[in-house]
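Next, two complexes with chain A in common: one pairs it with chain B, the other with chain C.
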Partner chain A sequence: MQALRNIWFLALATCTEGIRHRALWAIVCLAALLTMANLGVTTLYSWDLGKVSVEFGLSAVAFTGLLLVFFLGMKILADDLERSRIFMLLSRPVSIWHYLTGKFLGLAMILLLTTIILGLSAALSMHYVLWQYPAYVPPNFSWHTYVMALACQWLSLVVVLALSVLCFSFASQLFVALLLAVFSYLVGQNMELLRRVVVENAHAGVLTGQENLVVALSWIFPNLSLFDKKYAAAYGMAFSGQEFALLCLYGISYSALLIYLATLLFKRKELA
Partner chain B sequence: MTIPAVEINKLGKSFGSGYKKNQALRDLSLAIAQGEVFGFLGPNGAGKSTTIKLLLHFLKPDTGTLHILGRIVGQEEFRHRIGYLSELPVFYDHLTAKETLLLSGRLSGMTRQAIDRRIPMLLERMNLGEATNRRVGEFSKGMKQRLGMANALIHDPEVLIFDEPMSGLDPMGRHQIKGLIAELKQEGKTIFFSSHILSDIEALCDRIGVIHKGVLLYSGRLEDFLGTGGSLEERFVTVIKEADHASVA
Partner chain C sequence: MSRRLTTHLIIGLALIVFYALSYNALLQQRREINTPGHHASGIWNLPPVVLFALAGEFKGLLADYLTLEAGAQLGTELVRNPEGGFLAVKKQHDWPGIHRLFVASQTLDPSFAQTYIVAQGWLPWEADMVKETQNILQVAAKNRPWDWQPNHTMGFNTYYFLNQPGEAGKLFLEAAKTPNAPAFLPILGARLAQKGGETQTAIVIMKSMLADKNPEEPGYTDMLDRLRALEGVREIEQASGRYEKTVGRKPSSLTELTASGLLTAIPPNPYNLDYCLDTAGIIYFDKPDCLNPAPGGENQ
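So, the complex of A and B:
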């Protein structure tokens, strides 16, 4: 019970610290402006304005989330080590897994808050575009699908955050951890495409005959493209509750596994 | 017979490997009784902070064992019974003093009611009453050091471990922290603190340990270390020089 309490208090402190950070609000304001730029950008297109508007809004949320994970989230984690703040916490009955899980959940809460704010801001601008140009409203467009796509976006960011915590747990410097996390993110985004190209195509260049290797890699790296539902939301393609539930299960279990691995690696670290 | 508050047996620790290997501590053994104020004295780089980090299990020893109040460090939980103040206490800049202490109290297993009773009392004691709801990022160095002291005391621990508690403070700040340590001594707390400021050690400690290049040169009563005459500074310098000559020879 004390373990869950510790994790909750650490998550709450991390969330409070992050929310009061100026960098967070600078990024959020910039992103809110970006989603509002939707109004101007969509008018540059002469067709499919509705689809462009929805895709642009969700892309802005995704881009901002990544900025938050890589720059604010990893900075908060690195500051704990570099400024020896971690000693204040670990001199209490707090284990490494309480610490890492608490930090991870606190940062995930910040991401949730910003996703909600930016999702609302994007929805407002989309609503305006769809109202202004009713002829371009995508057939079968539904706000329900939009909200589910937004939730998938957040889950994808949570997985990237867990990846960043893992990289942070074994890298000696923030810059190295950041590079590894960005690399893993890029691989995760493109893994599914690569797997399909190699498995379904007999002429896949240097990777021809390496199907097993690519499939194994696709199991190791997160399949982030699964969470990308921008296309579904923009084209009014509903996705089932079952698919959504499976995505949630995948995102949560994959993140939990990464945090577990991060704990094992972090325990080996000497906090000199 | 009561168990010692702190017991260190044949402690060894090195950093790096190969030709870069640096032996930070060798065969260090000492015991501190409950209710005692023990000053851990040594020049910069002597191994004082390494010993403290090993005591708190931030580092793992190569050899030897450490016990706090009879609990084996690294195997049994003891941290709810100790309070720690680092040389440069660093807190979350955007949390207030009250929120910082609330977090520490909660992590130490205290109830909300107990914390709410203790925070105003501790902040008043540290002359931080007016800064209760100010963010720590706005605090001066001295204020942070006093908040660090409040943070170490929030759960009323039996053993206090202070790493250079007066380092970098102005005379007023040092005077205040010295006064607090003297009060804690009166309350019967066990205090293990490292310092290279000899006057602080002389004023506060029952017993001292002198460490140089990772080797414990002396552990015992302050009066016995001083011998027949001379100041602590003179005696300390002599002991360190003798150790240097012995290692050269």
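So, the complex of A and C:
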């Protein structure tokens, strides 16, 4: 019970710290601009305006979320070390796993808040475009799919956040952690592509015959492309509730595993 | 003015002049090589797998950008007139490069309508790239099952550029299967398929389409009439084939065919016109004077 209280307290404190951070508001302003740009960009096209609008809106959410994870999230974690606040926390009955889990949940809450704000503002601009150009609304477009795609986007960001926390837990410097996290994100985005190229293609260059290695890598790195539902939302292609539930389970289980690993590695980290 | 300030001013001025000269030289050089070549390089030249990997989760957005880039490379260009104002000049297009742009855009987002519509608007007409356009349209047709236009456009190209009415008819009929396809498509498709010697295919497709349609739907009677006309053509075609086997040549007229006893009677034509057999052995249901074609083309 005490553990849960500690985690909750840390999560709330991290979330509050994030909201007070100037970087967050700068990113939110950028996102608002991107959302407004949606209205202008869409009119550059003559067909499939609805698709362009939905894709642009969801991409704005993804882009802003990534900025938040890589810059704000890692900065908040690094600040605790640089300003020695972590010692104050760890000297209390707060263990490292409470600390990392609390921080992770707090940052995930910031991401959720941002996704909701951006998702709503993107939805408003989309609604305007779809209302203005009804002939270009994708035939099976549904707001339900849009909300599910938005939720998948958030889950994807949470997984990237867990990756960043893991990188932070063992990297000696913030820059190295950031580099590793960005690299893992890029690999994660292309894991499905790599797996398909090697497993389903007899001419995969240097990777020919390395199916087992690629399959092993695909279990180690996150398969982030599975969370990418922008295409489905943009063309009104419904995806099943079962797939959504499985994605949620995958995202949660993978993040939990990463945070656990991060806890183990953080214990060995030279804090002073 | 102090000596130090003068030195700073001289150094600053020298740097500004150096910057202005080098930038101006660069602009001048770009103006001189203002050929399609300066568009030839770009992310769209990368192999599809690399492009896919680079785009990450922003594939749709990159596809949107590439289509805009294609649009910017097409059309005319405005250049400043030395006497004031602007002049519209025709660009020299790098068609292989523009084609690669479309392919790259479609690799990233195979369902995007803007890609195949703009490609169709330019490539077959200006670049003589019919085969390439057909490939783009084929990808669009596969990935846009709700859209009748890719198959319809492919059918148009097959008829207009490749002069293959039979194949064109099949594509029109394929397009007609799409929900909300316009009612004229099956009629036109059947007409072209029959013209290209694909009467049996046209009948089968028309029958399968009619089976899914409600007789109350608009266009149902027109389709039924076209089916009956095609069935009449097929009956004559089969008799003509038997005649050729027996006599060793094609019949010269329908009267000759009926007189041979191989066709007991001319089948009814729902359009209340006479069937016509031309010198090549093609049977028409809507052109009673096919032996003396009137100027002005054919009717539908």
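Note that the second predicted complex is superposed on the first by the 272 of 272 C-alpha atoms of A that agree within 3 Å, B and C clash if a C-alpha of one lies under 4 Å from a C-alpha of the other, contacts with A are read in each partner's own complex, and residues count from 1 in each chain.
Keep in mind that, in the parts below, contacts are C-beta pairs under 8 Å (C-beta built on N, C-alpha and C of every residue); 3 or more make two chains touch, one makes a residue touch a chain.
Here the structure is a predicted model, which is why all the values come from computation and not from measurement.
Chemist: First (chain B), second (chain C), both or neither: which does A:195 touch?
Modeler: Once the two structures are laid over each other on A, A:195 reaches no partner at all.
Chemist: For A:228 in the superposed arrangement: first (chain B), second (chain C), both or neither?
Modeler: The answer is second: A:228 touches chain C but not chain B.
Chemist: Once the structures are superposed on A, label A:59 by its partner contacts, choosing first (chain B), second (chain C), both or neither.
Modeler: Second partner only, chain C.
Chemist: Quick one: is A:103 in contact with chain B, with chain C, with both, or with neither? Answer first, second, both or neither.
Modeler: In the superposition, A:103 touches no partner, neither chain B nor chain C.
Chemist: Which chain A residues lie in the overlap of the chain B contact set and the chain C contact set?
Modeler: Overlap of chain B and chain C footprints on chain A: empty.
Chemist: What part of chain B is in contact with chain A in the complex they form?
Modeler: Those residues of chain B that touch chain A are 15, 53, 56, 58-60, 77, 79-80, 82, 84, 86, 88-95, 99, 103-104, 106-109, 135, 151.
Chemist: With touch defined as at the start, can you tell me which chain C residues reach chain A in the complex?
Modeler: 49, 52-53, 56-61, 64, 67-68, 109, 111-114, 117, 146
Chemist: Once bound in the complex, which stretches of chain A touch chain C?
Modeler: Result: residues 41, 44-48, 51-52, 55-56, 59, 62-63, 139-140, 156, 186, 189-190, 193, 197, 224-225, 228, 230-231, 234-235 of chain A touch chain C.
Chemist: Across the complex, what residues on chain A touch chain B?
Modeler: Counting only chain A, the residues touching chain B are 2, 5-6, 9-10, 13, 16-17, 20-21, 83-85, 87-94, 270-272.
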